[in-house]
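In the part that follows, the structures are each spelled out as structure tokens.
You will see subunit A twice below: alongside subunit B first, and alongside subunit C after that.
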Partner chain A sequence: MTEYKILFTGPMGAGKTTAIGAVSETPPVITDVANTDPGHGKPRTTVGLDFGQLTLATGDRVRLFGTPGQVRFDFLWQILVRNALGLIVLCDNSRPDPLADLRVYLEGFAAELKELPCVIGVGRLPGHPAPGLEDYADELARHDLVLPVLDVDVRRRADVTLLIDTLLAQIEASLYGE
Partner chain B sequence: MESERVEKSVLSPAVKVLAEREAARLLEEVSGLTAVVVATVDGFDIASAMREGDASRVAAMASSISAISGVVSQEAHLGRGKSVTIDTEAGFAIVHAVYRPDIDLVINLIADGNAILGQVAYQATQFAKTLAAA
Partner chain C sequence: MPQFKLGVHELPAAEVVLVRTLMRLFAQDRPSRWVIADAPPYDAVLVDGCRADTPPEHLRRLCPHVLRLTRINADPAPDALARPLRADRLLQWLDGVASGVARDTAPAPASAPLTAPSTPAAEPPRPEPELPADAPRLSLRRWPRAAVLRDNPQRVRMATLLSRRALNAHDLRRLTGLPASECLAFMRLLQSADLLVAPPAAPPAAPAPAATPATATAQPPSKARPSFTQGLISSFRKRLGL
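Showing the complex of A and B:
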């Protein structure tokens, strides 16, 4: 049995807490508090970490961690990414500049992304078609990265599972060689 | 996903002024204290008095510590979290929760080796009571 630790990150409101809650078999550990930032309409926001657990069909266990989205919590990003085998960056296409959001996390995790398998999940794409998935791929290419970019609705368990499965395929490829 | 209901309270300026004044007084009067930062639970500093450091970083860290300690106390059925002490080689930090009807706050006191833990802990509790009642 293998134990995987994977980390969800991405801007505030992209659905990291929701994604972990959608697939976790145990009640997720949530550290959300009242949001006082007038620039964000969300009532609550994660300031510590999210945590959930998932057992795969193979019996392997996945431990899911989520970071706070805001850059002022970047000290936690570095703590939470330790020993992670993969990273899922969730983006919210309804935000003013989703590609700029993506850059924040590509830069925040730049050192890790040289080695760490990663998948990008783009939410709220149906109502906000621009930028498209190819624009995300172009942005990644500007950072010398080639990563899967998926259209997801993190409220749906199947979509979150798809993100995790895609990441695990990447992790296995990097662990055992392609 | 939960409804995007916006119902934000705004901390009254009087509370901010009180927090600023008390933070400055504590830094001045309590031996060994090097920083006093009052923050919202989501990590924004609203008042601070510091000999060194960056209040906004301290505020974000205090809110994380407070939230994580909150889930620990919840998990163990110990009620709401009150305070966390981080004891270090060269001093200590105390993070104390402030429960107010409008906006919950977090106080962070950082002290060097000249400070007395019991004294600073007492001051943190008193400060929290003052801010809760203000």
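Showing the complex of A and C:
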């Protein structure tokens, strides 16, 4: 049995815990505590990492890890991303500067993003249409990256499934012709 | 893509032209493809509801799916569409009929015998284009706009593949299993939007470096990652219900 890993990252409140819960076959292990940060309205926030899993028919397991959102935990990101199959960056379009948030993760994972499959999921777009998906694509282009950018609601399993499927498609493209 | 036949009965000539144009315009982007048929059998038929309140009996025998185009502000009815003709509502009705026809495998009821089978089509399907395997390979220059992808998961998948690697339509068909026409149409759409770019020419082969301990650290990151085969990808998709 082999274990694989998919990493969910993004700012606090973007929906990492919710996304993992939407697809995990087991109730996700959640390491959250009461939120004492007055800048965010969430009652609780992740301080360790969230953990879910999917077992394939082959018996192999795919672990779903969610990073803590605050930048002060970025030392964990480099540890968690090692040997990951792919990275899902969840952005919250209701935050004051979502593109600045995206930059944090593009720069934080810059070395890995040269090879690692990655998809950007933008949440809360219907209620907060600016910046638009094209602005995210422009931001990626400024970092010399061409990555899928999708409008998602991580409370919907189908949307989280689509995010994972785009990672799989990127792996498929890498394997093609080998 | 399944193909269905749409008949028109006693519609004004201008309206027939409009409907024919709409069918051609949306031929690529719908889950089902409708063509105007000059003669039965039909899968659906449009009639001028202003000339008769109910479709003629022979039409009912020919086709169970009849849509009446009625006057402006007419009372709504499930089998009626008020003028002026709205493309989105017409297409919505046609998609619903197509889904029903695709599901319906039961024989027609004896009280309304059909003169022709309700499944498509006396008209032969358009042959799929040939896709040369050695066509130029292109990759995405940037992620396409939402208007190009239209929330279509198949387009998202094709765009994702092209974001990762330079491919041609032949490659897309092999990777996705989608019809050649869809793969080719999408590549053309991306090209018309100036979203595709040829990969840079490969540099001339450099002489092999001398074997030194330093070269052992020059492995590309992907070699350190766990290998994930096509079989595992299929297994993963199945697990997700895709």
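The rule we apply is simple: the second predicted complex is superposed on the first by the 163 of 178 C-alpha atoms of A that agree within 3 Å, B and C clash if a C-alpha of one lies under 4 Å from a C-alpha of the other, contacts with A are read in each partner's own complex, and residues count from 1 in each chain.
The working rule: contacts are C-beta pairs under 8 Å (C-beta built on N, C-alpha and C of every residue); 3 or more make two chains touch, one makes a residue touch a chain.
Everything numeric here is computed off the predicted structure, so don't read it as measured data.
Aligning the two structures on subunit A places subunit B and subunit C side by side, free of any clash.
Looking at the shared chain after the overlay, A:L76 reaches subunit B, while subunit C stays out of its contact range. With both structures placed on the common chain, the touch criterion links A:R156 to neither subunit B nor subunit C. Once the two complexes are overlaid on the shared chain, A:R142 sits clear of subunit B and of subunit C alike. After overlaying the two complexes on the shared chain, residue contacts for A:V29 are found with subunit B alone; subunit C is out of touch. Shared-chain residue A:T166: touches subunit C; no touch with subunit B.
Annotation for subunit A, partner touching more residues between subunit B and subunit C: C.
After overlaying the two complexes on the shared chain, residue contacts for A:L175 are found with subunit C alone; subunit B is out of touch. Of the two partner chains placed by the overlay, only subunit B lies in contact with A:G15; subunit C stays clear of it. The superposed three-chain arrangement places the nearest Cα atoms of subunit B and subunit C 21 Å from each other. Across the complex, subunit B meets subunit A through its residues 1-2, 4-9, 11, 40-44, 56-57, 59-61, 63-65, 67-68, 70-71, 75, 103-104. Only residues 139-143, 145-146, 153, 156-157, 159-165, 167, 171, 174-175, 220-222, 224-226, 228-233, 235-242 of subunit C touch subunit A when the two sit together in their complex. Subunit A makes touch with subunit B in their complex at residues 15, 18, 29-38, 41-45, 47-49, 68, 70, 72-73, 75-76, 155. Contact residues of subunit A toward subunit C in the complex are 2, 4, 23, 54-58, 60, 62, 83-85, 111-112, 114-117, 119, 132-134, 136-138, 140-141, 146-151, 161-162, 164-166, 168-176.
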